[in-house]
Amino acid sequence: MNKTAVYRKEHFNAAHRLNNPQLSADENAELYGKCNNPNYHGHNYEVVVKVTGDIDLRTGYVTDTKALSQIIKENITDRLDHKNLNLDVPELIDTNPTTENIAVFIYNSLRNKINPQFDLKIFLYETERNFVEYPA
Amino acid sequence: MNKTAVYRKEHFNAAHRLNNPQLSADENAELYGKCNNPNYHGHNYEVVVKVTGDIDLRTGYVTDTKALSQIIKENITDRLDHKNLNLDVPELIDTNPTTENIAVFIYNSLRNKINPQFDLKIFLYETERNFVEYPA
Amino acid sequence: MNKTAVYRKEHFNAAHRLNNPQLSADENAELYGKCNNPNYHGHNYEVVVKVTGDIDLRTGYVTDTKALSQIIKENITDRLDHKNLNLDVPELIDTNPTTENIAVFIYNSLRNKINPQFDLKIFLYETERNFVEYPA
Amino acid sequence: MNKTAVYRKEHFNAAHRLNNPQLSADENAELYGKCNNPNYHGHNYEVVVKVTGDIDLRTGYVTDTKALSQIIKENITDRLDHKNLNLDVPELIDTNPTTENIAVFIYNSLRNKINPQFDLKIFLYETERNFVEYPA
Amino acid sequence: MNKTAVYRKEHFNAAHRLNNPQLSADENAELYGKCNNPNYHGHNYEVVVKVTGDIDLRTGYVTDTKALSQIIKENITDRLDHKNLNLDVPELIDTNPTTENIAVFIYNSLRNKINPQFDLKIFLYETERNFVEYPA
Amino acid sequence: MNKTAVYRKEHFNAAHRLNNPQLSADENAELYGKCNNPNYHGHNYEVVVKVTGDIDLRTGYVTDTKALSQIIKENITDRLDHKNLNLDVPELIDTNPTTENIAVFIYNSLRNKINPQFDLKIFLYETERNFVEYPA
């Protein structure tokens, strides 16, 4: 039987700065350019969570997107919305908050909240023109 | 040789109600919440049809999207647009019209209208924030 | 001093049918076409509320959009979301739910909840391609 | 003769915090909620500049949008993009960076760069759902 | 009584070249840059037609947007879609096809097709970032 | 270890005409309809480049999207923007510029500019409703 995927899109607004503490200030400035601004800049992030599995014959759902939205809220947007991704999220303190690394963090935060029989994938939009997919 | 996919997006506006007749009224109300409203609610659906195959050297097309658009019109949007998905479509009378189930219906309706040498996939958007993919 | 306008966008999903009970069935069918379907169809409505006034020097706001969002929720989206606009909203029972008439209803529902020193305007999108503005 | 308006849309990404230094920390927290986070949050801002005047018979333009885009770049986006609106922009140091106040700043920064025979209006989108217009 | 406006959005794809035949080739090249390419370039144009008037108590419409869509089709999109705006449209042969001039052409083409008791306004999008309004 | 994909979206505006010189004028007219207009028509193309690989622990990037954007600019948008795809691009002179064929051209133009350890995929939007993916 074919699998079906459901997608749920949520958003959060956050500040961040790209900086690798193992590099010098000059190396970071060269590597990240204006994204290295020590005073931070920010984005309206859009996160799309894809859950793939079989359609449940009782509900007609792969998974209830209202419940999925609540899981994303509790585990992701309540923790990241209106936050500084370098300073305010304990689990991200040692993470350089590139879009790639934030997407991996979101995947890891959600993986054990989602039924393990379902495949999980994250799309994270930093802007309309820059976005990532994990796992690809 | 690499395959190429073409996508064609169409839309339809419809009313629906989520309800499993094998469950009690209370079970349906708990399961579907406001989506179980007996008087129906509705959506602007967007359907994206993906057809994957080889580029035809004569036409430069995988398949003519004008012809594909006409196939979608005759088989999907003429049947679903400005309709009640619970009441007005004979083939859906016994289907609980979740986005998942409507996507499977669209796939099954189009599969034998599309050259079998092409892979077919459906993306169905119930809202900008809730959408499905079949087969995934 | 120049005025400033703030806009807040919200959404609701609803079913409706266009029908004027003072006309015959044939007249309604001719006038409204497929929008007259007796079993209803539906839309993802987007409502944009525009409030125009002076910037408050204490807050830097014309009006707090979080509070405005809550006013729209209590007075509009909680009443219209996942509803049948012909059957489920007591104040609309005698209203033919064209986009124009729903926009006027939204304006009238919000006018006395918004500071009278502010101008109020409603934009209502039935689809991406059909929308109205009241008052224009 | 009727006037014509041209619009040009640009974007910038910035961090900010809403805070009125004349209020106590508790008053700011109550007034601005999570927008008062001392570590900042951020947005993908979209700015739309509207210039209204007569069509120049020689060029067929009200004003050249490539030149307008360059004026916006030099005066707005080069100063605000990837910046902290509370810390990095000398002219905004004493401004509480609400969307309203940033729109007024943009208007005032552009007004004397645009031919005075043209009307000027700014639309500033903090998110897709919150935006302002100045002058309204 | 307050007026209400209805908007209808349509699209067409066309090629064009900006060139003023009363100027020299060098002047045109300097004025229009890459938009002066003698081999043409092109756009997906979006046209939004705004009609403002009173709501008709019988229909609940200012004007029927299905009929409005048909008027736009016959008078605008059938004439401009998949055309070269410099060569293929007899009424535009002597017009330099800037967005401003095309918007005026659309307004003039529609004005006597729309009830004179209604106000008419045209928004024309050449790209998402460049658009015009006539009359402003 | 899971792979991660980064996407970068760019745009260009171009004219084109669909025509297979090995077919007769009548055959081309029947096959391509209004897309065969000898005077050309045009589009606002959006190209999305997907690069899939491992996250570099030093940078937190799969690949720097600023550098990727520059590669796309030099190899694609500088060559295609405000051009006639049938006449102005030497490498496309013998190519019938369908969306499929342009996507293959973009892929082939970028493949040797991108680290061979990365997978590469192109999405090309001719309009919001017609787009292709290569390789699929």
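We just call them A, B, C, D, E and F in the order they show up, numbering each chain from 1.
Rule of thumb we're sticking to: contacts are C-beta pairs under 8 Å (C-beta built on N, C-alpha and C of every residue); 3 or more make two chains touch, one makes a residue touch a chain.
What you are looking at is a predicted structure, and each value in this text was computed from that prediction instead of being measured.
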{"item": "Between C-D and B-C, the pair joined by more C-beta contacts", "value": "B-C"}
{"item": "Most widely separated chain from chain E, with each centre as the mean of CA atoms", "value": "A"}
{"item": "Distance between the centres, which are taken as Cα means, of chain F and chain B, whole angstrom", "value": "28"}
{"item": "CA centroid of chain B to CA centroid of chain D, Å", "value": "41"}
{"item": "Chain centre separation (chain D, chain F; CA means) in Å", "value": "34"}
{"item": "Set of chain F residues in contact with two or more other chains", "value": "128"}
{"item": "All pairs of touching chains, each written as two labels joined by a dash", "value": "A-B, A-D, A-F, B-C, B-F, C-D, C-E, D-E, E-F"}
{"item": "In the complex with chain C, residue positions of chain B that touch it", "value": "11, 13-16, 34-35, 37, 39-44, 81-84, 87-88, 127-128"}
{"item": "Chain F residues touching chain B - in the complex, by the definition given at the top", "value": "18, 20, 22-23, 31, 33, 96-101, 103-104, 128-136"}
{"item": "Chain E-facing residues of chain D, complex", "value": "2-10, 50, 52, 55, 58-62, 65-66"}
